[in-house]
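A, B and C label the chains in the order they appear, each numbered from 1.
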Amino acid sequence: MSTFEETVGGIVNELLADHESEKVGENIKIFNHPDKEIIIDIIFSLRKIIFPGYFRNRDIKVYTMKSNLSMLLEDVIFKLTKQITIVLDNDDEDNSDILDRARQISLEFVKRLRTIREYILTDVHAAFDGDPAAYSEDEIIYSYPGLFAILVNRIAHELFLLNVPIIPRMMTEYAHSVTGIDIHPGATIGKYFFIDHGTGIVIGETTVIGNNVKMYQGVTLGALSTRGGQALRSKKRHPTIEDNVTIYSGASILGGDTIIGKDAVIGGNAFITRSVKEGAKVSVKNQELRYNYDAAHPVERMDIEDDDTAWFYMI
Amino acid sequence: MSTFEETVGGIVNELLADHESEKVGENIKIFNHPDKEIIIDIIFSLRKIIFPGYFRNRDIKVYTMKSNLSMLLEDVIFKLTKQITIVLDNDDEDNSDILDRARQISLEFVKRLRTIREYILTDVHAAFDGDPAAYSEDEIIYSYPGLFAILVNRIAHELFLLNVPIIPRMMTEYAHSVTGIDIHPGATIGKYFFIDHGTGIVIGETTVIGNNVKMYQGVTLGALSTRGGQALRSKKRHPTIEDNVTIYSGASILGGDTIIGKDAVIGGNAFITRSVKEGAKVSVKNQELRYNYDAAHPVERMDIEDDDTAWFYMI
Amino acid sequence: MSTFEETVGGIVNELLADHESEKVGENIKIFNHPDKEIIIDIIFSLRKIIFPGYFRNRDIKVYTMKSNLSMLLEDVIFKLTKQITIVLDNDDEDNSDILDRARQISLEFVKRLRTIREYILTDVHAAFDGDPAAYSEDEIIYSYPGLFAILVNRIAHELFLLNVPIIPRMMTEYAHSVTGIDIHPGATIGKYFFIDHGTGIVIGETTVIGNNVKMYQGVTLGALSTRGGQALRSKKRHPTIEDNVTIYSGASILGGDTIIGKDAVIGGNAFITRSVKEGAKVSVKNQELRYNYDAAHPVERMDIEDDDTAWFYMI
């Protein structure tokens, strides 16, 4: 029987041989890849810049808000430039001017922070106005997962528009892991967006969402089919949602040509694969339910008739 | 072209100007807000108090269980009092006696720990009895997300009843982020509550749940409409679930007047907006399914008839 | 009125008395239980072994890949052996040879790493081929929650097969908390498995999945009923999915005798409790939808007829 050292050595040699003979990761530079911890750190620094006072740095107590903002902003630019340099370097292009390009992208990104902030403040208002369980705007900023997912999307979307690879998706997947809300960084979202509860929401890459849209848990804004796989990459595959639309929980809206007209209301669990006109209230007809009673509960059958109020529901 | 310093300085000035001109957060005291890390820390200390031996403090090895409990309890009281002081201070009321009120609330809360513990132990038993995939009660305590979500709700609910703002919701949103189970701290839950899998569950603020209730992933206990927004705040908007009810995955039960009678079983994906009588087994009639086959699979159509066993399902 | 010390002392005494009088946790050795932090640490070390170069140890920069692999592997064996010793010790059996058994299990487990790695690399390829939103395999390895959940299942499943208690479930519940994807360690999964989005997926203990299976968010592979509770423990309760099957979002497939034949496609939200033949495309017939318009939007009713393309959908 082999010794412990021999066994471990044998396994290591096998793994090394496998690693050398395969394709995955062959272009990866061992000490040169994006760092998830730093990318998460950038998200939280940006949140402090956007909501100064709410998420203070516990280590720093004496600076003015202006010094604090400057410091946070320079730190973000420094870290973001480094991470962008790394991911640009993984591309096949000429790499001679990477650092310059990364710096320009970072600066261009922080110039857009003012607009990101303007949008996210409208989301806070929309959440407070739309949720009777909200006791204050503070509660929303501190604890609503929907707001966090939207915040991260608004940040990641700008980096996506600046053609930064990998990092935007790492950011939104971090928000996904924390909130259960999966918004692709490619999705375009208007002002006053409100997500309530949110777990299970999926919003695809080419989705376009207008202003004042409200959405509940389990909603999918998806594609009609991906049998085309990578061949479909740049096509519009996901729906367009116009202004003032409400989408109740569990509804699926699918397809790149599907447009939900403004002021429409989509009922819970509706499965929509075609456009819906402006102002329509769309609901699933009442399910046919079956009622059984056992010997212990010999009450009569209770029927539920179809009625016109069913669309008027949900959380 | 401007220097880096000028660019950063310009962005900082714009953000400052925006910040000063708006309403969100204007009452926030910069160095005075609830601390998410400490609130999470309180949750885990309470879990150690409730399950001594399961979640030991790795730094402390020599104390007796009694010393350990005393220490944990004093630590919780200290931290909780501090956090409650902060959130009470954000209210508009007279603040002169805040510290006293925060101390009284914390003490009143820890007096209720014995009852919280009594309830959560019934939940452990219910999970073991209800889940054939459970190999031991230890496995449930160490790894079941449903148990963690219920534990946090039972803690947060007592603070909610004691009128503590923001903190209860921060606690349940932490559990939501870890488990995908979103239980509002206002929800009232009886003994022997069992949640299996749990991702996507939403239980609204004014829900009332009896004893021995069992619930699967994706269940919503929600409101019929929130078009009233903030105006609906104090109304009962969510259903009442009586004793011994089972609710299978994906079911939605909506409305403040909706009562699910004791011993009822609600089938998977059922959409319920009216009361269900005691002992009823409610299920969705079999979906009409369509079967297509392509040239490579020329088998004949396979129909599924409607039958009476459909309610008898699910995980 | 009692002093603070008296009040805290009283509560401690009550909690101690309760603790001594009850059954839960009576066999737990206070300083001897599995450590969640270490088990998570083992997962991440194994991920570094499987994807060398992608998830480097930031503290270590000078070693060759071979030294690095050896070090990681020895560290995993050491930690895993310790944790297995602890959980085996919680059983009722003769404990004299625990350390030996734990060592043998750990060694047997790491011998299987090469196969685990072979499988997980096929999953990376499947994700890239199947998702038009994927820009590179790197993006998948760094950020796709589905890949992480599958990785953890492949690790936990081998420990489950080696009859290690508690630890496999702690591992998969960690993945569940991070991804919203709940795969029991008992589930058997073939090569080229692709989960897209994934939040809300539940895959039960006795599920068997073939090669090239693709699955979207909210899918349940569950049991038909667990009224039997613990009595059902060792029975096959969950379905079998054959090669090349695609299951769209929100579908439920239930029952231990249910077999989905190879090349089948299961449409979104389908509720399947019986076997489906090879090559079938199964879809829910179009829902009957109701359209209402208010006075502000007096457009006419828009009907949607049933058509044959409905199965062809989803993300």
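Just so it is clear, a residue touches a chain if its C-beta (ideal position, glycine included) is under 8 Å from a C-beta of that chain, and two chains touch if they have at least 3 such contacts.
This is a predicted model, so every value here is computed, not measured.
**Student:** Could you draw the chains as nodes, link the ones that touch, and say if you get a line, ring, star, complete or other?
**Tutor:** If you draw each chain as a dot and join those that touch, every dot ends up joined to every other.
**Student:** Indicate whether more than half of the residue numbers at the chain B-chain C interface occur in both copies; give same if so and different if not.
**Tutor:** different
**Student:** Approximately how many whole Å separate the CA-defined centres of chain B and chain C?
**Tutor:** Centre-to-centre distance between chain B and chain C: 22 Å.
**Student:** Going through chain B residue by residue, note those that touch at least 2 other chains and give them in order.
**Tutor:** 180, 199-200, 218, 250, 269, 284, 310
**Student:** With touch defined as at the start, can you tell me which chain B residues reach chain C in the complex?
**Tutor:** For this pair, the touching residues of chain B are 49, 51-54, 56, 58, 61, 65-66, 69-70, 73-74, 77, 107, 110-111, 113-114, 117-118, 121, 124-125, 128-139, 141-145, 178-180, 197, 199-200, 217-218, 249-250, 268-269, 284, 286-294, 296-297, 299, 302, 304, 310, 312-315.
**Student:** Within their complex, state which residues of chain C touch chain B.
**Tutor:** 4, 7-9, 11-12, 14-16, 18-19, 22, 24-25, 28-31, 33-36, 90, 165-166, 169-170, 173, 176-177, 180, 182, 184, 186, 199-200, 202, 204-205, 218, 220, 222-233, 235, 237, 250, 252, 254-255, 263, 269-274, 276-285, 308, 310-311
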